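In what follows, structures are represented as structure tokens.
In what comes next, subunit A is part of two complexes: it sits with subunit B in the first one and with subunit C in the second one.
Let's look at the complex of A and B:
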């Protein structure tokens, strides 16, 4: 017999999915990989216009904890992208994906952190603005942070090269 | 070598203990290392003392800022118990005491579970979530001391402990508060120390309790005492259960060697013990070729994969000597002999082993000595050898090695010990160049 009540996480994610299908934000597409498991999503993010990521489409996975939305999901670019705030293994490091308890400086930073009323849409929009404006203070990829700060031309060229390669050009 | 020895002798003698020959053995038990004078530098508090200190800090803040006690706690945590930084504010502006929201809202869906819910809970900012979601939110953030309103991502209203109590979420708030207090006080103290270095005139012009004091929990397991440092003159403190430790870093006392160097050394010793104990617990050397062998299963009749030597796992003797036919119980167990410690091939490792042994044996001699002078002398020997191992070969290191050897001789002859170890203790403050 199936459980009477669906978990809060699944119910929330189903509602969010419906919302995203009905009114998708520009440059973003996201949904569960399989209908059997709502806790694993796949998403596509288009590189923002007027940035070196323009023209690229970046696939990523979102893995939600069972206690979502009380805790944030984990996001990973597959394959990894070259970006100051993305770890070499593809994991995304931005403030909105951090639970309040993770921060030793307790709310000192102005940036938005995870809260149970954040959503998949807000995460993906934050990631898009992260692509447009990297934060070189919290570098997840040291090489990318350095290059972005010291030699923007070379950084842009490297990213564009990666995009062309991914498109098979 | 002997040349420099002589030079050094005269050097050292003229500096530190020129009156050696007049030294009387009766002075051996002198008050050289008396701890009485240190009593003014720090106080050892038990749990209830600490609680009343914290309570008085909270009371002070409550009165000064004219806020509820629960709000004062949140303010103190937010501003790291530095009351000077806490702004004067109306209690309702950024911190909420208990749920008190205006329910006249049209929205009926809980923004967290997206369900229709009649049981709501919210703060005075008028953001609400359903009571179940609010409870779960508090439960997940049970150890948080600065938790924000869950009802709106941009709302920065902080939740007090009264909200936890109101919703029956159990947590050890006084323990969390005490930990935050002790951690913050250390930070304040080091900040102040830095300020004092830059500007000596700011010294001691405040009677604020969180201002010029600093606390550290005794690092010994289950010890209830907390040390409050009053003067930053002596690193080593002793709690009321007679545990000695370095106030600055919380490790065992390390004379006046920098905490970083001591930590590096203790990590070396620790790493060695861990890998060593695994090797000793799970492997044995072949008695013939000394290859390390790990026995995963089977009987005690071992056959070395390297040299084919047949021996007994338990006693390490040749299997040929094992008369009888018991493969699982060693027939020579009465003559059980401990296997020899591994011979490391690397020269550096052997050297490290030697110094770890020197360190540990001197430290255990220090701990088991009954006389204060000997206690201190063995401690000086232990850490003196650490300096010898950790530093590069300079004149000072040669002097130190020489002094240590003399101290060993003194201990053997039971003379001059106090003066000599005091001299080394002081000498360690000299410049050493540490490796790497």
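Let's look at the complex of A and C:
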């Protein structure tokens, strides 16, 4: 049998994918977009219960670097969601997605940042808890941060409106 | 394709946790390739921890400071993992059978079939009409002695002369001395290019690329010497050309995989997430608040889950 020449990144992602299919965490689904490229995934995250995101399903993409898992993937909500820690272009800004040397907000401790032992599953679970509890120290979306801090009712209403629109209701 | 979750469906599911400890936390492969232990007591493949240390000088698991010079070979664990690897498939098979026999009643039938199989073999061996067999010294195939001594050996010599050179490069020397990692900051681009060329590597690209290339070669080269049976340098060069490919573009050669199957697996999950979300949102729209809003969104159909070991059995040999 000729050994297949696959990069560590692809092998690791195949293992992760296999495990995610076997035992998917609640409210999360993820997998590679096409058969030609295991370094680009799409995922769906269900809004956590008892939050204004409840009832929504939010599609996102994960783009992995060639040296994954040494460096983290980039995650982007497509379309962008309204959230204090999500840039207006949809890119997610949470500490687990930040490589050791890169901390845009200068508040994260090294222990929260990316390490090669993290995984797609851990990223998506962190994003779930980010939806439940925005971090107001990191303002990726200034408007969302302000509204969340100053007028929670209006913030919740805005998010719920977006969800109904996205689901075509 | 194998991973520790293979044991979840067996009689002893906790072996998943056990095997996790025999795998590198970085690449999730069994710790068979010269594993190294850090000062903080955590073990990784030599290559994986080396590459990680180019990025960050902390332990990936506990984030304590780690120096490359302080890494040590974890030989006891390596031997344990070797033994585990030798017995893993047998054990997995046995534990799966035992698990199934608890739920099914066909076990007796299976055993009977196995028995008759064994008996048949024995009969064949004792059959005086069967020719005396021997192993061809060139291709290692088991054939009747008359055939080996007849036409086989000539054809075998011809067809194998080119192949065996490739497969078993006896005459290619295995290096014995390790490379040292230069202090790049003091080296000019030209010096790094010479260093690369001296090692038979591509010497083109940006300064950052030149350094990354040498670091990768250093990792492969020195860890190779820590293996029980080091590979010849030509194999390392092949690995370097794979590395070059993964650097240049993000396409990875998955043609041989049944990747369509892989990628379609999660589509069903997607559809279900969306359907349940719509239901939830519709309920939310109705005036009275319903306490049954919390739906388990990942209630996937059984057919979307992978059956144990079913996916890409052909990928067992995925080592580079």
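Convention: the second predicted complex is superposed on the first by the 158 of 169 C-alpha atoms of A that agree within 3 Å, B and C clash if a C-alpha of one lies under 4 Å from a C-alpha of the other, contacts with A are read in each partner's own complex, and residues count from 1 in each chain.
By our rule, a contact is a pair of C-beta atoms (placed from the backbone, for glycine too) under 8 Å apart; a residue touches a chain by one contact, two chains touch by 3 or more.
From a predicted model like this one, the values you see are computed outputs, not experimental measurements.
Partners subunit B and subunit C, once the complexes are superposed on subunit A, run into each other and clash.
For subunit A, the partner that touches more of its residues is C, with subunit B and subunit C as the two candidates. Shared-chain residue A:112: touches subunit B; no touch with subunit C.
When the two structures are aligned on the shared chain, A:11 is found in touch with subunit B and with subunit C. In the superposition on chain A, contact of A:163 is made with subunit C only, not with subunit B. Legend: residue contacts after superposition of the two complexes on their common chain; A:37 is shown touching subunit C, with no touch to subunit B. Stretch 132-140 of subunit B is the one among 24-32, 78-86, 132-140 or 240-248 that clashes with subunit C after the shared chain A is superposed. In the superposition on chain A, the residues of subunit A contacting both subunit B and subunit C are 8, 11-12, 15, 67, 69-71, 100-101, 115-117. Residues 78, 111-115, 129, 133, 136-137, 140-141, 143-144, 146-148, 150-154, 156 of subunit B are the ones touching subunit A in the complex. Residues 1, 3, 5, 8, 25-29, 48, 51-52, 55-56, 58, 60-61, 63, 242-243, 246-247, 250-254, 256-257, 259-260, 262-263, 265-266, 269-270, 273-274, 276-278, 280-282, 284-285, 293-294, 296-298, 300, 304-306, 311, 314-315, 317-320 of subunit C touch subunit A in their complex. Subunit A makes touch with subunit C in their complex at residues 1-12, 14-15, 17-40, 44, 46-47, 49, 54-57, 66-67, 69-71, 99-101, 110-111, 115-117, 160, 163-164, 167, 169.
Within the complex formed with subunit B, the residues of subunit A that make contact are 8, 11-12, 15, 67, 69-71, 100-101, 106-107, 112, 115-118, 122.
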